[in-house]
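Right, I'll just put the structure down here and ask away after.
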């Protein structure tokens, strides 16, 4: 039995026009719930890892619906604080081909963004837990939440947990300057750092020479250099970087690298016909945490994480609704998609 | 050609679970736009009256969608200010039988609620207009908006417009005390006062003896007494009160009274099988403004207003999508609902 | 085994906004097929009577879809002529409470309306058949179709079939004057005449004294008088009149009378919570034909017909998708609607 | 904190055509999960009572979906056995007006119906629990399940639990003879007996004189007589009987009586515009268990139960998604359905 | 006029979550009907070939709906036996990209699987027919059905029909051992054998050297070898093998080979963006039967069959709703997909 | 501020089965409005250009809905004539992969097709306008409309407007012979001629040597030759030709060329995963008009037009709901489709 993984952050209502309709065309929204750390908890619970999500949600039916979406997927919700004014919302318009997906955030003043230290009893939360995960979105919600995050990290360290963080830079929440400062302080608690191909640059100004991600060209040596700098600056045991080549909004290539002990490994790459790419990074993080917890080798853990997140791109919603066996089948090489009957 | 009617207030995204699903059951929301004053403008435009809606909306796709919903229905949107953070949202769960409809507001910090005096150029807005309408919801959005409302009333008076107000008390926006104070000051500009069977009590503490609306029993003399007191206190030329008997959430009886020149008239009553009762009061207000503008007699105007709002209860969404001819057919007595082919 | 019933007329695409949406609100239409005589054929096939529908439909996918809707329900389609420009369409907006349903016809120039005598081989069609049915809509499609109708009647008579006709006056297709003239000539072939409470007046100017159907008040003696006059003028063996009291668009009372051998019988009445009332009259006609063919007594046949059409009001679409056993259960008195499990 | 309530039975996939479509008309099914005892557990969890549902479900995605539907609603699922071939299915066609709802069962050979004694560890299940509930459907699934039911009752008694049973006769599962025999033996463990107006007759041949439920006429003295006989024969402490008057499939009147200590109390009656009446009886049972556990008086408990089940009729699906506060508001007399904002 | 083709097997309800939703995410299922031999009959009827489907279906509304789905498409249903307990069901989750489609069968104890010899009058069924087709699924339903299949083959041979069989191995229905034994005996009646790239191996252990279909690599000489061995062992006049290269669940390459008179022909290949690939093999079989019946050359028949099944992949549901003209346009080389207006 | 662009033509109801359903499979249609010239007006309004659409629509709810769809998108509708019998309809079945999209027109006898000279006051319409656009569809509606078109051109010239025309040949509306004759006369008024790769040939018999568009192979020099001939024959200042390579119905390559001053420029090419390609040509035309009006260079205008129409292929409906900024982002080279948040 693996130890419990605790994640902390915001879960939002995600409202999307059906299919490929644009915001100005729709007269309905599909509703799911999602958010970086919630997505991770759901993934892990789906992999059979005891997982708990900590946040604050309003004490109304919309908050209750969010809780249900977690409970249904076997995520522990016992330490979700209830109160505050509203649940955060994000509107998502799905892109296609040359038209990018669009997110309109309406998350200001959410219950968790307004929450205070006393809403969370970290000592109680981390009892018997083994891992703590958060992303760069959480401290970006406000100085109060950044401070709560810091407290959580401290308590997690005290309780002997491994701490992972996905840098997850969101330019609509804060500037690179602010992010660099706040995240820089939190990094000292972090063991495993996860990032996409742009985060290290956006948050810490660490970038490889010559990598032009906007053109989708990726350069292995550059990513090794980024991972090495991150490790040197913050003392991570492990750095994992996802590598997305965006052919267009419908077709992506997807892989990742892992760096530890001064050595890098690059995963196989998948070309993906995208159903829903939101939560792709989170599903990678969850796969990695699972892999590392499950005592897989570094290489196996990375391939598991990449396969898990490859599958996420084929699944509607933020949550990665796949099983360990499905991920392992793909990681083992069967991506043929033949009907299983 | 009637003169332009200007209304000022908030238009929100209304998000409802389809059919009779509860909030905790739904995985989609139907989207329409609505709000007291916007609903009135749409009704009037549908009746062929030049109508304009003034508000502030965010400069994003959601704000644009709101504008489109108005423009489609021929409401002038030229003086809608664009900017601010968000469009207000309200979540509506449709009730049935003994289960009431439920509204969860998420409208705090909307663009209009945060708007300032300089967002509106009333002199320009009221040029060549003939009527100004607002409801008690608008000043309840905040002291800043109440003050803007006052300015608008002043400018409207200066420009010689008739002013109507629907008291529309919302207990989630302010207290009776606050409402009484703020609305009391605005009433001095108002010519035509519209209210439902509870508003006068909730806002001004004016109530008829013995009227127990919670039981749906209504008492004509009591309402005359309320109208008389309102008139005496604020000098209205006309007071109109809607009279709803809620058999249950699926079946209502609906009528109204009008009071002017110290004399009251009670409309015929309709028993309604409800499709969507939100916006019922607004559709009454619009019908009344139309009737009064169209030089109908007081009695005809009231019957027109009641018939219009009776029809609103059969129409999905906040907006009353009916024509003058449809309303007049019903007001003239044909409520048989026979197929028109 | 009952003998085959042949019906002749137009089947249209019926396009309706979902639920109670108005035409100006919808962004989709539900599609079913329907038309007076097609509805009758479908009902009869559902009752186990061999039934055939004769018409002309365009030789494209839309015509094919119409044919499928009939074939699925076991209606013989062997003599449907294929060709012409288009299938007729009617747009239906479902009413509720005081708001009536609305029909917008777009049926001009349909394949059947443009069809010519040589499109139909009546001798072949009526071989081994026992009954021919048409409604007043068919001759109203055009002089050519009225003439085809006359030919069909002549051939049917020659072949010894019983002929029934539902007067079904449609004011958007022709005037009362034209209808009276054309239908008057066709009536001489008809054995069984079916009408609603207004048709006899609208088509032949035969009306009972004092019956004010617009108010929903019905008067038994008046209807007997109408049936007697119809019988005397045209020599029908049987006249059946449906009696609808339209409380509103959501609630109707429904019954019928039958007149033959100078004697009338009035059915029991049903108060109906309406799901879809279009095709109500047709389902009555089909029930009556079934009852008369099945050697039921006149009273039983009428009660069967009324029960069948009562059930139609609870069923979406033009077609009355019910079985003999369901109708007989209701006719026998069980309208309690208890769950059948 | 109330003690845990355990229920045991079958949870099925319920597949319904959308709206009022008939089985032969639909090309999709709405999916919810439900079943007598599961419905009760969900209701109780919604009332804040610790509730657990015990069953056996196949170890596939469909079984997982059923588990999720329970877990989402805070029902403990720890003792659900996984395995077997299939999840039971029932198809539900919603009736309207004179057309009854129809159920087609496809539940034979379900995992729970095929389950064996060793699938359940009752001693473990009942540890710290306070109440055990089952219905007459469970033993009707097969002799094996009846025997498991008996074992459960024995263990429940041993562990000091209160036992309640809803007779819930299903004629498609067994005959009255078989039911009488099997249920007769189980009744000796039961403290609280729940039934509808027909069950006592169908299962035990206990019927009041002159009660003709098919006509919807109900007779208080007859029900007292039935309750008395049940009590005398089986030694129940409490008998509760729901009283449904089926005006038609769209409108029902609903009340109940409770009998204990040789004394009966009849609840107030509600006239209901029905949204979905399936699970109405179960929601009553849950309300009663809650009321009795919550130390309400017998009268209060009954009124709570009747109000809870009245609300169920307005809610889609088998599960009664209401809160204690909503039920108490209705029980306290507010059934006006006024919008709550 | 071509002679009637009779197919025998199971038709099931196919229930699929809408779009790309997973089983655990859906709250509705799209419903179509399908099954190997029914799909063939529908295809052929769509090509204008008289086609009949023989099976057994329950005598309830769900069985009736299945019959309607066939009748609508002009498939003769006169010899469908009615009775038994249930219609088989299969749940289909549509895959995308690296995530495969998933089928959950719930078909045990279906009416046809439980049917007995006396349910079918083969002599009557085959009167005036020209071709009999079944697949390996039918005998896999049970020994009783295998025996009925054998009888049917015998009677078909007696009546001079051509017999075709699609091996269609289903590992969830039986083992390779059992399949080999049962199918081996049936093969002696078969003239035309159809298989996919794995069936010959799975059923008869006949495999080409070096063909690794899991990697999607195909080897022409290997398939010729398989066809030759099949022909030699069972004396087929014709063997046709479909060749699917599964790039992933969204993109497949598709072609086929035909072998007769010791000579093979390989069709052109299509790269397909998949809409719904279920029934792809069946649509190939139907195309081949059509082509052979229509006196096309072997090469033309194969190209017709491959083009038909290529189109099937673009069509929702099991049934291949295409016309001869559409297939011939594609077979003639126009796969450009330009809008036809 | 750009000058007003006026377009004249037909706007139709477009009815499409949802998703990839075929006409014979659907039981609903999605509704949008569209038509060549209306699409252009909507695009331009979306780009911030004052745009007006002139047509005739029936004075019923369906006509009103069409007007709303334009008004919502800020297209001036003041000179839309109301009256006539019907709005034109076109049924669209969306293709996929090798299956082409299909259009069934039902537009005969539409209000605009039956309209007469006096329905339009061109002098008034063109007052203060700067550009007039029509397509080859408009004169194809009938000789009366061709004559109206000629009048409009004359008046436009008189008023000093630039005139553009998209040849847009529709073989179901007229023959090449008729088109050549009518269009030939109108061309003398035209400044900017737009065509796809087949139009010049179909309308004027001007074709490049060796260009086999059915195979998707395109040949630059051939298109230059076509543009040169068009220019020489009709004296256009500018000719623009769209170049579509149809890989299949799901994937197209898309580019264009522009020819003026005896010099050609070919745009970059996009490979597009298609959502909805109807209106692709119109969106190009609008982009070109915008670009030329906005004083872009010829090359920039073409790249803008191609990028705009590339985006159109990713958007549901006829209308190209994109902004200038979105188009410019793509034209500037970012087609990566990365999520914008």
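Every chain is named by a letter (A, B, C, D, E and F) in the order it is written, and numbering of its residues begins at 1.
In this text, a contact is a pair of C-beta atoms (placed from the backbone, for glycine too) under 8 Å apart; a residue touches a chain by one contact, two chains touch by 3 or more.
The structure displayed is predicted, hence computed values, not measured ones.
K.L.:
So, what's the distance in Å between the C-alpha centres of subunit E and subunit B?
P.N.:
The separation of the two C-alpha centroids amounts to 62 Å.
K.L.:
Which integer distance in Å separates the CA centroid of subunit E from that of subunit F?
P.N.:
The separation of the two C-alpha centroids amounts to 44 Å.
K.L.:
In subunit B, which residues are in touch with two or more of the other chains?
P.N.:
Counting only residues that touch two or more other chains, subunit B contributes 22, 24, 27, 68, 102.
K.L.:
In graph terms, nodes being chains and edges touches, is this line, ring, star, complete or other?
P.N.:
Its topology fits none of the listed shapes; call it other.
K.L.:
Determine which chains touch and list them pairwise.
P.N.:
Listed in label order, the chain pairs in contact are A-B, A-D, A-E, A-F, B-C, B-D, B-F, C-D, C-E, C-F, D-E, E-F.
K.L.:
In the complex formed with subunit E, which residues of subunit F make contact?
P.N.:
Touch list, subunit F to subunit E: 19-22, 24-25, 95-103, 105, 170, 172, 214, 216, 246-251, 277-278.
K.L.:
Going by the contact rule at the top, pick out the subunit A residues touching subunit E in the complex.
P.N.:
Going by the criterion above, the answer is residues 270, 272-275, 307, 310-311, 313-317, 321-322, 326, 330, 334-341.
K.L.:
Give every residue of subunit B touching subunit A within the complex, in rising order.
P.N.:
Residue positions touching the partner: 15, 18, 22-24, 26-32, 60-62, 64-65, 68, 85-86, 89, 91, 93, 102, 104, 106, 108-109.
K.L.:
With touch defined as at the start, can you tell me which subunit D residues reach subunit A in the complex?
P.N.:
68-69, 71-74
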